[in-house]
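Have a look at these structures, which come just after this line.
Here come two complexes built around chain A, the first alongside chain B, the second alongside chain C.
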Partner chain A sequence: MSDTTRPGSNRPILHFGRYTLMWALAVLALAPLLWMFLSSLRPTQEMFAHASSFSWHTIWPETFTFQNYTALLETGFPRAIGNSLFIAVVTMVVGVFVNAAAAFAFATFDFRFRGPLFLLVLLTAMMPFEAIVLPLYMLVNALGMIDSYSALIVPELANGFVILMFRQFFAAIPRELYEAGRIDGASWLRIFLTIALPVSWPVILTGSIMIFITQFEAFFWPLVAAPSAELTVAQVEIAKNISLEGANWGQLFSSMSIVCVVAALPFLVFQRFYIRNVASSGIK
Partner chain B sequence: MMTKKPDTPVAIPAANRFSRAARKKPILDPQRPSWATLLMFLLPAVALLIVFRLTPIGISIGGSFTSQSLLGETAFDGLGNYKELFSDPSFWNSVYVTLLFNVIINPLQIFVAFIMALLVFAPGRFLTFFRVSFFLPMTMSTALVAVMWNLLFDPNLGLVNSILAHTSMGRQGFFFDEDQALGSMIWISTWKGAGYYMIFLLAGLFRISEELYEAAHVDGASSWQQLRFITLPQMKRTFLFVFVADTTVNLLFFAPVFIITRGGPNGATDTLMYRAYESSFTFVDWGRALSLSCILLALVAIVACAQMLFFKPGEGE
Partner chain C sequence: MAQVKIAQVRKAYGDNEVLHGVDIDIPDGSFTILVGPSGCGKSTLLRMIAGLEAISDGEVIIGDKVVNDISSPERDIAMVFQNYALYPHLTVAQNMGFSLKVAKVPKAEIETKVKDAAKMLGLTEYLNRRPQKLSGGQRQRVAMGRAIVRDPSVFLFDEPLSNLDAKMRGQMRTELRSMHRRLGSTMIYVTHDQIEAMTMADQIVVMNGGYAQQIGAPLDIYDRPQNLFVASFIGAPAMNFLKAKAEGGQVHLTDGTLVDMKVSDTVTGDVIVGVRPEHLTLDPNGALQITVDEVEPTGSETHISATTAAGIAVKLVTAERVSAESGAALKAAYQADKLHLFDAETTNRIETL
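Right, the complex of A and B next:
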């Protein structure tokens, strides 16, 4: 394949191939979203006027308007975005600690019933959520939590998948790292917070994004568990634009565009830490 | 196999003191903390999972052995729901559709995700742009992704078809075509999901010690050899996680089927999870719905176990 005696001889080709592929994938990923965003800038009467026969205006709006965005201010959408952010951020911050602590115990400690207990954790990750919605609803109702923020946050804090992911990473940490701390007389809590968590930053960030996104894109559970208008989350609020009487496409597109940008924010911030030289230096 | 060297300053004093022991076995094994410590770490997560996940699962499994009469009374029915399911040909069609869907989509999605991760891993320009571009589709809920692609693939109003009409392919049926419906489902969920799994694979790539690559470089290994003998073996744990997570999501594939095709055309997209949903909310047959869920749970568990055996990390990893 490549000429190994002269490394770098095929660099320009590799570089060109890499960027061509990245652009192709980026276009595939972004094109539908761009279409959605451009459609959100169309006035209602123009929405599908150019749809059936392809022309420049099938993609590019004839007239630009922000009416679909300003109209959102009159609806429950701003409040819903705030609700979604609040729920997702609280779940993310608390959830990372709860799940990482359990994963650390599974990866590091030796205790009775560790295997069976971990199997139970895996089981919880695999159960079809739709199948437990009704029993879960009855349970949350019995606990007096229905129609409150805690109904949307507390059941989602512990996440079998996040525990599995964290455990996979903690298990790969060399034990010697902890031994240094043990010899200095540090408690396990201290070792967890000052040694295990800092070396695991890629997985902590990934886990945070995972919890945030899971909560932010949740639809079914918020729909049944928090019916009040003041607790409505963004995804449910967006879906209100489609009803049996017809769809408000303009506001559907504008609210979807906003949600896309807001939900991508944590990833936008966290991905900056995915840099090679930071990763390889380990603990500082 | 190359052994992992502790490359951190903290590890050095301990490694010196116990160097001989450290090389043989874990030093102070096994790690047995006090009960209080153990509870502090485990209790919050485990208690939450028992209350909000295992208890409902228990109720579900129990419910799968019951059936309701026309008057709405629930009675124990033993394996009645299961017997009824197994003798229904459309149930076996759903099993076939679900398995076919998974056999194609899981390798495809993870292959694309891994390509994405490799592309945005090495240093380069505009990486923030590409990473965010790949990730953006994930920020939409599955339901809204389905709504959007249903519009894009619409036979008359859809953008994709108005472009295809100008090519030799002509307009396509997509979700309305029995042969294309499942493929279109695979397309939309790969579009949404690939960037999500990219972030896990990207995090996994960052875990690999750079020294391994430097050593390989000194030995004159080609990029392909580095990928084959360093990257892939070192990514086993990550791949295991990603495969299990992806399979679980896709075995339970449901929302787009509900929104776009309702299992059609002619059963081409009739996944098991859609069937369970239909049983519970359309036919209000909870016993049947819960037994379908239990079958799905068993299926997921079997597949996950198989994947764990396949990706079992070797000794010393």
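Right, the complex of A and C next:
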């Protein structure tokens, strides 16, 4: 699109106003993150030096240092980030498969109590986690999984919202596609694996990212269900920087910066596919 | 190759029965077309033969096996869907070879079969393309190729041409016919288009309201429709119907004109005389008074819409060019040996003497 056809371009004041507003909103949203990142590069003694009176150095550090990052190596943080990544990736891979399979059954098969069962699935997506944490703890404890990776992964595999997303997608695929598979001699499992899943990769991507982020930023459940030091996840490790004796602000900022970048990575990688998919969907 | 027998087949959704006991014999190697208006049950019946719908009652027999409880993958059938149902993520070659891959046929053999089918359908240069890069007609061919490579005992077609434009449809009709001749397989084909049925079928099954109304060769059905529905559904423009009364072996139109046909003395009461538009001709000495409404020249023939003295709308088709004004009063004659007679109450055909 050329500039001349863009609305507002022939009205410079409106144009200017619109961009100013967008910039303001962007700055408003990004400023705390930027401040967190810049502060993670401050030496500890400088942390609050410029906080009372606003100056250039309130934002921009006087001296830059990586000490907050190198110091993290001596803490449980590297292990915690590894734990979080492991839990998030395993949950993502297994979870997408499990949720897609459940959704495929809901979308294609007619079975007794399909409606009520699906309603239950939706309820799990709507229920606040805090409401089920006690019974879930008792259940996981009864299964002997407390304080293990399973405790952190298994309860998070089935995700009502991801099932709903897959179901809507599978239901929108023309039924004849599955029927053609049947006529071609394929079993339902084969149809699911070689026809339904390959055509639903936009949903697979979205679902994967959702599960990954949910697990990577999980705090409350890991805190409750996996108290051992070697099972500590990133969010819990970050929170350890704040205690009754005081807060280690430097390491708090540096560890949060790392976690933010890691959490954003899969999204940034997949985003290209997202955009391509949206762009090609118009052609059909 | 196999014959297909449909015996007293019924389909009900809850209390709602949509097929009321259909009997059809489909001979080995025949091209049988199920034709009827939408909602007549023809697609449901085809899907029951395919195993995509459960059979509520009766039997479907393919070859010599009752297949009621055999699932689609084991029925040895191939089906072409109206929307083609090509696998969008696979290439043309992969689409066509899918069933063979499922059946664990060796790769080299799949390749040969796919190539042969592609050559037959003119798809060789498109084998590595995805379906969305193909035109409607090409997609249709891929769908057929997918069926052909399987070499099934029965081919099923569910309105395969209705998404194509008129020209393509005509071309594909011819190709389907010659494909049937070459393969010699049993084919069952569903359509709502009576022209497709007339031009392609060895055997037509006219369906309406969940019943098979008439089964027979296309021209037999055209020449001797068994009831009013078949008479009105087969043939375009549709047959003209004139109300009449039968008494003492004679038939009179409602305006009193004697119709040149003889029936048994036992036939009395309200009847309907049917005459096809091409058997109704403009004739100054004709018995039928008509007022012209519209004249539609198609080039090869002329269609005339008119109203009789009794106020019934009729159509005439003539090979001659007619230059009559709308509103002109003319006379028409019918060919006496081409008349049809139906009982007004039962709508069944009455044989003339």
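One rule holds in what follows: the second predicted complex is superposed on the first by the 245 of 284 C-alpha atoms of A that agree within 3 Å, B and C clash if a C-alpha of one lies under 4 Å from a C-alpha of the other, contacts with A are read in each partner's own complex, and residues count from 1 in each chain.
In the analysis below, contacts are C-beta pairs under 8 Å (C-beta built on N, C-alpha and C of every residue); 3 or more make two chains touch, one makes a residue touch a chain.
What you see is a predicted model, and the numbers here were worked out from it, not measured in a lab.
*Asks:* I'd like to know which partner A:122 touches here: chain B for first, chain C for second, both or neither.
*Replies:* First partner only.
*Asks:* Identify the partner contact of A:174: answer first if only chain B is touched, second if only chain C is, both if each is, neither if none is.
*Replies:* both
*Asks:* Once the structures are superposed on A, label A:186 by its partner contacts, choosing first (chain B), second (chain C), both or neither.
*Replies:* second
*Asks:* Determine, under the contact definition given at the top, whether A:44 touches first (chain B), second (chain C), both, or neither.
*Replies:* Neither chain B nor chain C is touched by A:44.
*Asks:* Could you tell me if A:195 is touching chain B, chain C, both of them or neither one (first, second, both, neither)?
*Replies:* Both partners, chain B and chain C.
*Asks:* Go through the superposed model and pick first if A:20 touches only chain B, second if only chain C, both, or neither.
*Replies:* Neither partner.
*Asks:* May I ask you to name which of chain B and chain C touches more residues of chain A?
*Replies:* After superposition, B is the partner touching more of chain A.
*Asks:* Output check: A:63 vs chain B and chain C. Expected answer is one of first, second, both, neither. What do you get?
*Replies:* neither
*Asks:* For chain A, which residues belong to both interfaces, chain B and chain C?
*Replies:* Looking at chain A, the two contact sets intersect at 174, 176-177, 179-180, 182-183, 187, 195, 199, 283.
*Asks:* Across the complex, what residues on chain C touch chain A?
*Replies:* Answer in residue numbers: 50-52, 71-73, 77-79, 81-83, 85-89, 98-99, 102-103, 132, 146, 150.
*Asks:* Which residues of chain B touch chain A once you look at their complex with the stated criterion?
*Replies:* Residue list for chain B touching chain A: 4, 6-11, 13-15, 18, 22, 26-33, 37-38, 40-42, 44-46, 48-49, 51-57, 59-60, 63, 112, 115-116, 119-124, 128-144, 147-149, 152, 156-159, 162-163, 165-166, 191, 195-196, 199-200, 202-203, 206-207, 209-210, 217, 220-224, 237-238, 240-241, 244-245, 248, 252, 254-255, 273, 276-277, 280, 286, 289-290, 293-294, 296-297, 300-301, 304, 317.
*Asks:* Where on chain A does chain C make contact in their complex?
*Replies:* Chain A residues touching chain C: 174, 176-177, 179-187, 190, 195, 198-199, 283-284.
*Asks:* Which positions of chain A touch chain B when the two form their complex?
*Replies:* 1-2, 4-5, 7, 14, 18-19, 21-22, 25-26, 28-30, 32-33, 35-36, 48, 51-54, 58-59, 98-99, 101-102, 104-105, 108-111, 117, 120-132, 134-136, 138-140, 154-155, 157-158, 160-161, 163-165, 168-169, 171-172, 174-180, 182-183, 187-189, 192, 195, 199, 202-203, 205-206, 209-210, 213, 216-219, 235, 238-239, 242, 252, 256, 259-260, 262-264, 267-268, 271-272, 274-276, 279-280, 282-283
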